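Below are two complexes that have chain A in common, paired first with chain B and then with chain C.
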Partner chain A sequence: MEKFEVIYSQEEDVAIVNIRGFLDAHTAPLFEQELQKRVDEKKFKIVVDLEGLQYISSAGLGVFMGFIEEIRGNGGDIKICGATPKVYRVFDLLGFPNLFEFAENRMEAVVKFNNQ
Partner chain B sequence: MTTQASRKPRRKSKTFKVTLPSDTANLDIIRKFVNGITENMGFSDEEIYKIELAVDEACANIVNHAYKNDSPPASRVIDVSVRTRPDRVEIVIADHGAGFDPQKVQNPKMQEYLKKMKRGGLGIFLMQKMMDEVKFRIKPGVRNEVKLIKYLTRDGKR
Partner chain C sequence: MLKIPLKILYFLLPVLFAIIFIVDILLYYSQLEILFIITFREIIIAVALIILFFVAGKRLHLENLSLRQKLIRLSFLILSNYVLVFILNLFMSPEYTDEFPQHAISLSAVIFSNILGIFVIFTLIPVLFIFRDFIFYRQKRWTNLLFRLFLFFSIVTGISVAVTRQPLNFQMTSQSFYNDLFFAITILLILLLALRNDWLTYLPRKEKMLFFFLGILVYGAILNLFDRVYSPYLTPYSLFLAAFGNIMWLFMVIYGGFTIVKLMFHLPTAKAFDRKIKEVNSLYDLSRILNNELDFRKLTRLITQLIARVLESHSTWLELYDPQEKKLSVISQINLTSTQILTNPFHTLDGFNREILTNKRAILINDVAVLKELRFLLNWKKDARTILAAPLFSNRDQLMGILYATKPHPFGFDVEDVSLLEGFANQAAIALENTELLKESIERERLQQELKIARDVQLKLLPQTIPAIVNHQIDCFSLTASEVGGDYYDFIQFADDKPGVIIGDVSGKGTSAAFYMAEFKGVIQTLARTHQDPVKMLSQANKIFYRNIERKTFISSIVGKINPESGEIQIVRAGHTPAIYCKNGNAAPQILEPAGLGIGLDNGRVFDKVLSPQLIKMQPGDMLLLYTDGLTEARNASGEEFGEERVCNLAHHCSRMSVLEVREKIMKEILRFVGDTLLHDDLTILLVKYDGPETEKTKTKI
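Presenting the complex of A and B:
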């Protein structure tokens, strides 16, 4: 079984969710559960850090779409950072850069919240 | 006099097959299977990623949609057949489930997706973006196939 990991941390009031390994239809529920926890805790400022993510399929992209409306409805956002070119290409093909803010790295993504 | 055709080196096609239960737990095994074959054929890492993704999407669609819950679990399988040709790879992914009409599956509009919080439906779109050719042969309850073709010499752009 290929590895998938979710590592959660907090920087000030921003929740950082680092997903690593292979995100497909099998592992997407783990990512979904993690975002659900944050939403349940009313943490609506979320950075999803893709550093260490080697693979993503549409099941993984669907998780972002499943939460974004609720999160924005509560005054928050999901910002995405740390994508490798291969992973970014999948987001790009599906038009995500028009819908989500992407940053190079975690610091830059957190700053985007502070500047709002 | 020897004809041009007979002077060409004859490289044989090879076919590799695997049949696995229709379960998301097997997606990574299927990706590795396809990865190994396409790597040996000389595809670049980037092309292999695209092929793996297209195959993954086809198989995930089977797991999510092909089989009704009342069908016996042992009958819920995914057949993956990889044929290596001198200039291309042809991958056939098949199930024996309900089938669908590929004409009726529309390409997603992301803004509308967001509004509806809709998930899924991106698979066929991605397959078409990742591969040079995508063909469907649907015989509901008998055999539904998607054939994915990628050429070795193209850069993947259509």
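Presenting the complex of A and C:
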């Protein structure tokens, strides 16, 4: 199994979930567990920071889709930031930028929440 | 054997005895001593004895009796002789001559001896059979032969005594030669048979004691039998019977003597012996029961129950080790309160447990109160004065857990219990590991089956032939990965009869991906027939799938609708990898990436807004390459990806080649790149080349 880790931190009322390494079918459950925890804690404003993420597979993309309805239904959102060009391309080809807001870095992403 | 029905024999016996009695009365009154009659009597009595032997053999069913019951019957049979003699003596005072062989002097003596003689025959035969049972308890090679020889020589000795009219006392004269010889042989046989008392070895201790003490009493009765019953009263009745009685008495004395002595030697070790038997049975039960229980949880409960039963411990519990947390926790217990479980002091690997783990042996604390460093345990659990614990190690020598057993008083367990618990712990570890292995094995088996089904579905989904499209060349290939992916390609026909090509990729792997692909194929094939516009077709497909697939799953797809006459192709890309368009000539290939969202991500609101078609007008020699991300993401041994660039480079300069040649080139290149590394995702490419107007190719089979 490739290396993968999730680092959680809080920026005011926005939860920052930084995923690093390889996100594939084997490691996706870890990412899923983290998002589930945030949802359980009623933290619906989430920024997924992709800094340090080297690879994402369709399983990883699916995790986003699994939570977005519930999160948006509770007045929150998932914003994505910090993607490398290679990783961004994967999101882009699928059309994710039409569904999620992308930012350069977490600061920008948090600002986007405050501006809503 | 003579097949004389039993009924006749039943009738015959009393008749024979009646004849003897009448003859005796007549002889008494007539004072005659005719040799013929004497011989006749002996023969009749011998015959009666043998008849009764065979009748008893058929009618006595001793197998159903327990040992105790047999011994009781034996005692009864022997004592009844005394009772009879006593009773008869109350009413009669028989008188006999002194010299051997004795004769009856009074009428009462004749009657007395007749009654006693018949009685002895009827008691000795069952006694013989009971002893036979004891001897045959553990039948060996020679047992049957020895017993038959014994019977034979008993009879022969009896005959010899009846003929020679000499007693059996080893006179060593020429007259008594045959008596002495046969008697000696019979005694030898008795000695050999007397060693066959294996039935007493495995008796429980209580029974051994009972039989010993009662046996001594009965033995006393047996010893006196000869002098009090047989010798005075049998000889006048029949020499044959007297000899037989003598032999049987000796047999009882010798066999009984051996048995009592053996019992006596068994008594001191009987308790330990019993325990060992119990242990062995328990271990056997344990491994049998353990290996039958395949459920992990039930097994842990079973382990504590069995241990508690055999060790007779007050509290018993099993702790399992979690290598990740580096802690032990109670998984099954008997007599631990919930507070005790919560405050369990044995949940770490140090202290008491460390010693167990270092030596990999069980340890026994005889009295917790005496040891300073362990006294605190009494605060935790007052009734754990004696503590016994043994480790469970897996096959690979990794700690699985520890078994604990306690008793409320000190010195509650002994050395035997320690080795027993260790043996149990080993068995338990094996059984626990087996349930884990079995589970894993079943799981693996199940996954393999799933994969096989998924692959079969996949193969059936893909088109078996490539259709012929006017003015165009089509070729394709698909490589399935080691883990089943969700690649799909197909050839469709739109409502305006224009042909189309489609490639799809379901997210995820395994059977679910394969089944979604099957659904996708069905939906697309159906929708194509009722649509001319590929954009509307995919829009419909998206609405259908958004409702029908899991949130986490989506399908990327690219469709090309072909106008065979003009060479125009309309490309619609729903989140898929871009198409590569190589123009005839030296220009670099173009990447076609019209806007589009993956199918199943949105209910249509965004999907319909984003999806945009792109129209390309192909010139003769131009080629379109559609592929899935399995191609660009294929990795070699160093983890490097094939990448978009390499694909483009391969597509370059393709105008002079046929689709077949291009396909083979790409295939060769990708296989060379990947080398021995296994593909982790399905890989599909589809090539469409426009030859220009007015060319035709025949159908090609894949």
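By definition in this document, the second predicted complex is superposed on the first by the 115 of 116 C-alpha atoms of A that agree within 3 Å, B and C clash if a C-alpha of one lies under 4 Å from a C-alpha of the other, contacts with A are read in each partner's own complex, and residues count from 1 in each chain.
Just so we're on the same page, contacts are C-beta pairs under 8 Å (C-beta built on N, C-alpha and C of every residue); 3 or more make two chains touch, one makes a residue touch a chain.
Model, not experiment: these values are computed from the prediction.
Engineer: Fit or clash for chain B plus chain C once both are placed on chain A?
Structural biologist: clash
Engineer: Is A:39 contacted by the first partner chain B, the second partner chain C, both or neither?
Structural biologist: A:39 sits against neither chain B nor chain C.
Engineer: Touching A:30 in the superposition: chain B (first), chain C (second), both, neither?
Structural biologist: Neither partner.
Engineer: Looking only at contacts as defined up top, I'd like to know whether chain B or chain C touches more of chain A.
Structural biologist: The partner with more contacted residues on chain A is B.
Engineer: Between chain B (first) and chain C (second), which, if any, makes contact with A:61: first, second, both or neither?
Structural biologist: So A:61 meets both chain B and chain C here.
Engineer: Once the structures are superposed on A, label A:22 by its partner contacts, choosing first (chain B), second (chain C), both or neither.
Structural biologist: First partner only.
Engineer: Chain B clashes with which stretch of chain C: 153-161, 333-341, 567-575 or 639-647?
Structural biologist: So the stretch of chain C colliding with chain B after superposition is 639-647.
Engineer: Shared contact residues on chain A for chain B and chain C?
Structural biologist: Shared contact residues on chain A (touching chain B in one complex, chain C in the other): 25, 58-59, 61-63, 65-66, 69, 93-95, 98-99.
Engineer: For chain C, which residues are in contact with chain A within the complex?
Structural biologist: These residues of chain C touch chain A: 505, 507-509, 551-554, 556, 575-578, 593, 595-598, 601-602, 606, 609-610.
Engineer: Given the complex with chain C, which residues does chain A contribute to the contact?
Structural biologist: Residue list for chain A touching chain C: 25, 58-59, 61-63, 65-66, 69, 93-95, 98-99.
Engineer: Spell out the residues on chain B that touch chain A in their complex, using ranges where they run on.
Structural biologist: Residues 24-25, 27-28, 31, 46, 49, 52-53, 56-57, 60, 63-64, 108, 110-111, 113-115, 117-120, 122-123, 125-126, 129 of chain B touch chain A in their complex.
Engineer: Okay, in this complex, where on chain A does chain B touch?
Structural biologist: Residue positions touching the partner: 1-2, 22, 24-26, 55, 57-59, 61-63, 65-66, 68-69, 86, 90, 93-96, 98-99.
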